[in-house]
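Consider the two complexes below, in which chain A is the common component and chain B and chain C are the respective partners.
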Partner chain A sequence: MKEKFLPGERVEDLAEYLSQRYRLWAPAAKEGAFVFAQVVDAGDISMDYSTTLLPPKHAFLPTAEILASVDLQTGEADSVRPDDPPPAIFGVHPCDLNGLARLDQAMREPPADAAYHRANAGAFIVGLACLKKCRPEAFCDSTETFRPNGHFDLHLTPMEGGFWTSVQSDAGRALADDTGLFEVPTDRQRAEYEHVRRGIETTFAGRRLNLKTLAADLPKIYPHRMWEKLAERCFSCGACTAVCPTCVCFDVRDEMSDGCRTANRCRSWDSCLLKDFAVVAGGENFRGRRAERIRHRMMRQGSYLARRFGLPVFCVGCGRCPHVCLGKISPLDVFEQCQKEVGSGVGRAA
Partner chain B sequence: MNKLRVAFYSLTSCEGCQLAFLECEDRLLDILQQVEIVRFREASSYEGGELDADADVAFVEGSVSTAHDESAVRTIRMRSRRVVAFGACADLGGVNAIKNRQGNEAAKERVYGPYSSWIHTSDVRPVSAVVPVDFTLHGCPVDKDELVRYLYALAVGRKPADPTAPVCFECKLRENICLFHKGGTCMGPVVRGGCRAICPAYGAGCDGCRGLAPDPNVALMRTLLREKGLNSEAIRRRVDLFNASAVPEDLRRELTGYA
Partner chain C sequence: MSDAPPDQGDYRPEIATATEVRPLTATERLFHLILPHRALGHLPGQFVQVSLPGIGEAPISVSSSFTRTSGFDLCIRRTGNVSEALHRVKAGGRVGIRGPFGCGAPLEKCMGQDVLMIAGGLGLAPLRSLVQYICDYRDRFKKVTLLIGARTPETLLFADEYNAWRNEGKINIEATVDTAKKGWTGSVGLITNLIPQIEIWPTSTVVVACGPPIMYRFVMRKLQQRHIPDDRIYLSLERRMKCGMGKCGHCQINDVYVCLDGPVFRYDRLAALPEAVS
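What follows is the complex of A and B.
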């Protein structure tokens, strides 16, 4: 990995450079909150944002999209998206970098998702380090996702006078050289960066989970009355999955348009919390009860997909779901309770 | 291919759902390639009988609140292969059903005063309480895009999709800020969506015009509304706006806290 320094006053120029070559997604203010939006003017970017309402996942996996269209008169199918420039996502916090990496793992697992691949091809990701926790509900410290994971092209760490820039990919290196915006860091800057980096480690040192055993612990409490208790606080509304960086489930429906001249295969985000998510032919629902559905989400985030993809935990601790959950359900509390039940927890630091 | 023969009828309603269809202006010519409209009083100058047509699909707007409504909807059912409950009144009883909670005599007296004896009205019922309903288009008014999708699905012989995800889910996808976080209240967690959370998107809390979502956690809804200062009476009014007769009594009690 190469390292460079980006003077603070040039960060807008970097965004401007990206916006000329990519469809630029960046954090922007919306009614006192933040969203990842397609920005036209680099001046609209909020570098000092807490966290966004939705993670940047929708740059690659839109909330609703048409996967293929068939002209019913000619029988010709068209599954090629418009020839847009590839997306660049700018200013992605470490939790969301980890989220994008997990999304990528899930969508590339054979059979790889063709539409996701097309949306992702040639994408450019610029990470942005967090120096402090964005909100009390976040638990990226416990999931150890406060560090960038390598799933980026460039990663910016705010420090005095600008941004320490880690260059991860060939595309990142080429871009950094081409822009002419970056400087070779001085020894003083390197020392300052080391100081900032150590500060991040200290700030995010709290651990309420034992990540070594979490994925194995959760299935042990599959039959447990805690899920019924939890379901009392669950609307089963799917808000948690809608804002989740690592939820990848979708629904596919065929719909007509243009006076039934065209049939569209439409994909939209789905949620395992929804009552009819697990309904199969014949009307059978194998997760018909709220408790079964909220348990499934916790198992999936804490165990199933973690084990499948060789990770300690699939959840990235971004804190969005406990923030939007009106029943105040947090995966952190659930995981912690689980580890208390099976006796493997770390307990609260004294 | 024969066009789908479609009829629009209205019972007790504001006829705004039919208007929603007419507002699909840029798509009406496309739609008419697929469907033949055989009755649509609100949109035609036809002066003959309204209920004398056979249809493949009847879109019935409004609730049943009079003897005339009841006989009309029975006739419509007999002459139509499919019946769609069209909009909140037909689906739930809707706003009209507020009357059910006051008693017919009191309601008549309040509205018509000295002329109340001229009026004949019964308890408001949704269409499905009188005749079997094949499909339902929810909402007050119905969503135009959903209506067009419905028509196209029926035109090609498919069962229309009927999403059940609560308003909350769609609200999050729109990146709205939760009204509870803004100090407001909303029925979105327990109400059926499909509306793309249009009310919360414009700052108005959901009032439940699509009825309850499946498996609603009404106890938690009540707790939340109470925390925001709504007492039983305020919750009852909120529920009764569209769902005075649509929420089963046990859930209604749990939601409002009224014994």
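What follows is the complex of A and C.
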């Protein structure tokens, strides 16, 4: 990995450079909160933002998109979005970097999702370190996702006068050379970066989960009354999955458009919390009870997908779902209670 | 970021031609389909995603063996939006195909063994591909039995093929119906009633069953009474499906995906999946 220094006043130039070559998404203020928005003016970017309402997942997996379409008159099938430039996301916090890595892993696991691949080939990601926890509900310390994970092209760590920049990929190296925005760091800057990095480790040292055993622990409380208790607080609204960087379930529907001249195959976000998610023709519902659906989501986040992809946990502790949930249901509480019952928890370790 | 090319997994269907369409019952039709550029290359028990543009897509098991003809058969029941529209497709019509998907029936495990197939209702549609395969490679298997259950004699699928399966395939076939009018000479009653009557060597028999969830509950009880080990019993499961590639989450049963890891599962493996057969 190469290291560079980006003077603070050049951040906008970097964003400007990206916006000319990519579909650029970046954190911006909107109605008293922050969102990842498609940026028109680099001056609108907030580098000092707190967790966005939605994660940057939609830059790679849009809330709704056309996967394929057929012209019913000519019978010609079309691959969609061939001319769009690939997406770039600017200023991604570590929890969301880890989230994007998990999304990518899920979509690229063979058999890889060809539509996802086509839309995102050549994407560019610029990470941005968090120096402190963004909100009380976040638990990226417990899931150990407060560190960038290598799933970026450039990663910026704020420090005196600008940003320490870790260059991860060939694309990142090429960009750093091409733009001429970056400087060779001085020894003083290197020492200060080390200080900042150690500070991050100390700030995020609180662990409430034992990640070594969590994925194996959860299936042990599969039959448990806590799921019924949680179900009493859940409204099956699906807000938790919509705001989640690592919830990647979707629906595929075929639709006519253009006055029945074009047939489209459309993908849109879906939620395993919604009542009909597992209904088959004939009406049988394989996860008809709310408690079963909450349990399924918690198992996916804490165990099923973690084990499938060789990770300690799939949830990245961004804290978005407990923040939006009307019933204040938090994966951290569920995971922690599980480890208490199983006897593998860490308590509030230093 | 990493740009490894995908090895498969496209949502764009290939366009197949229906060269033959034939009604089997009041609600089921058999379609013979041919792909323009390739053989389907499926194994018994695998399924495809069948679609009509702008109408929808549905998972349907392949009803024929790859050992027969160039195309493949689908037996489709009319139940809703997509299947209703598919029933309007005539010979010469075109449908979209993706697949084959899933890992299919345990052919290797069946070789050199007695094979007991249990088909409830539409369950005979996927099992017919195994039946045809067995007929074509009959010497690879020992005693082969097929139990078929349907609501009435009129709803029995592929009834005109039983004689060939019996004579050429040397398959012992027992069919039963829930209710029958005069003229039906076969058994009346549930398919589970046939299990105690047949000869079974528990440790040299492989069972492959396909039917509705309710059937599995009772069939499993009978099979266990006959001391067939759980690791010799295979069930084919149905779930909602969208992508067919382990992405959309719709077909998930605990930590497995029916579209990738199934639809045929060994029963002892299902024991670790509480959501599988409730």
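Going forward, the second predicted complex is superposed on the first by the 347 of 350 C-alpha atoms of A that agree within 3 Å, B and C clash if a C-alpha of one lies under 4 Å from a C-alpha of the other, contacts with A are read in each partner's own complex, and residues count from 1 in each chain.
Quick note on the criterion: a contact is a pair of C-beta atoms (placed from the backbone, for glycine too) under 8 Å apart; a residue touches a chain by one contact, two chains touch by 3 or more.
Computed from a predicted structure; not experimentally measured.
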item: Combined model on chain A: chain C and chain B, fit or clash; value: fit
item: Chain B versus chain C as contact partner of A:K133, first or second or both or neither; value: neither
item: First (chain B), second (chain C), both or neither touched by A:R297; value: neither
item: Which of chain B and chain C A:R208 touches, first, second, both or neither; value: neither
item: Contact breadth on chain A, by residue count: chain C or chain B; value: C
item: Touching partner for A:C249 - first (chain B), second (chain C), both, neither; value: second
item: Centroid geometry (CA): angle chain B/chain A/chain C, rounded to a multiple of 10 degrees; value: 70
item: Partner chain in contact with A:C260 - chain B first, chain C second, else both or neither; value: both
item: Contacts of A:E232 with chain B and chain C, given as first, second, both or neither; value: first
item: Touched partner set for A:H155, first chain B, second chain C, both or neither; value: neither
item: Where chain B and chain C come nearest after superposition, their Cα distance in Å; value: 5
item: Chain B/chain C common contact set on chain A; value: 253-256, 260
item: Partner chain A, residues of chain C touching it in the complex; value: 1-13, 15, 51-58, 79-80, 83, 213, 238-240, 242-243, 245-250, 252-255, 274-275
item: Chain B - residues contacting chain A, complex; value: 27, 29-31, 33-34, 149, 152-153, 155-156, 158, 161, 164-166, 168-169, 171-173, 175-178, 180, 188-190, 213-217, 219-221, 224
item: Chain B contact footprint on chain A (complex, rising order); value: 30-33, 35, 53-54, 63, 232-239, 242-243, 253-260, 269, 271, 274-276, 290, 324, 326-327
item: Sites on chain A touched by chain C in the complex; value: 67-68, 70, 72, 75, 77, 79, 104, 106-115, 117, 120-125, 151-153, 169, 171, 222-223, 248-256, 260, 262-265, 267, 270, 272, 277-282, 284, 286-287, 292, 296, 299-300, 303-304, 307-308
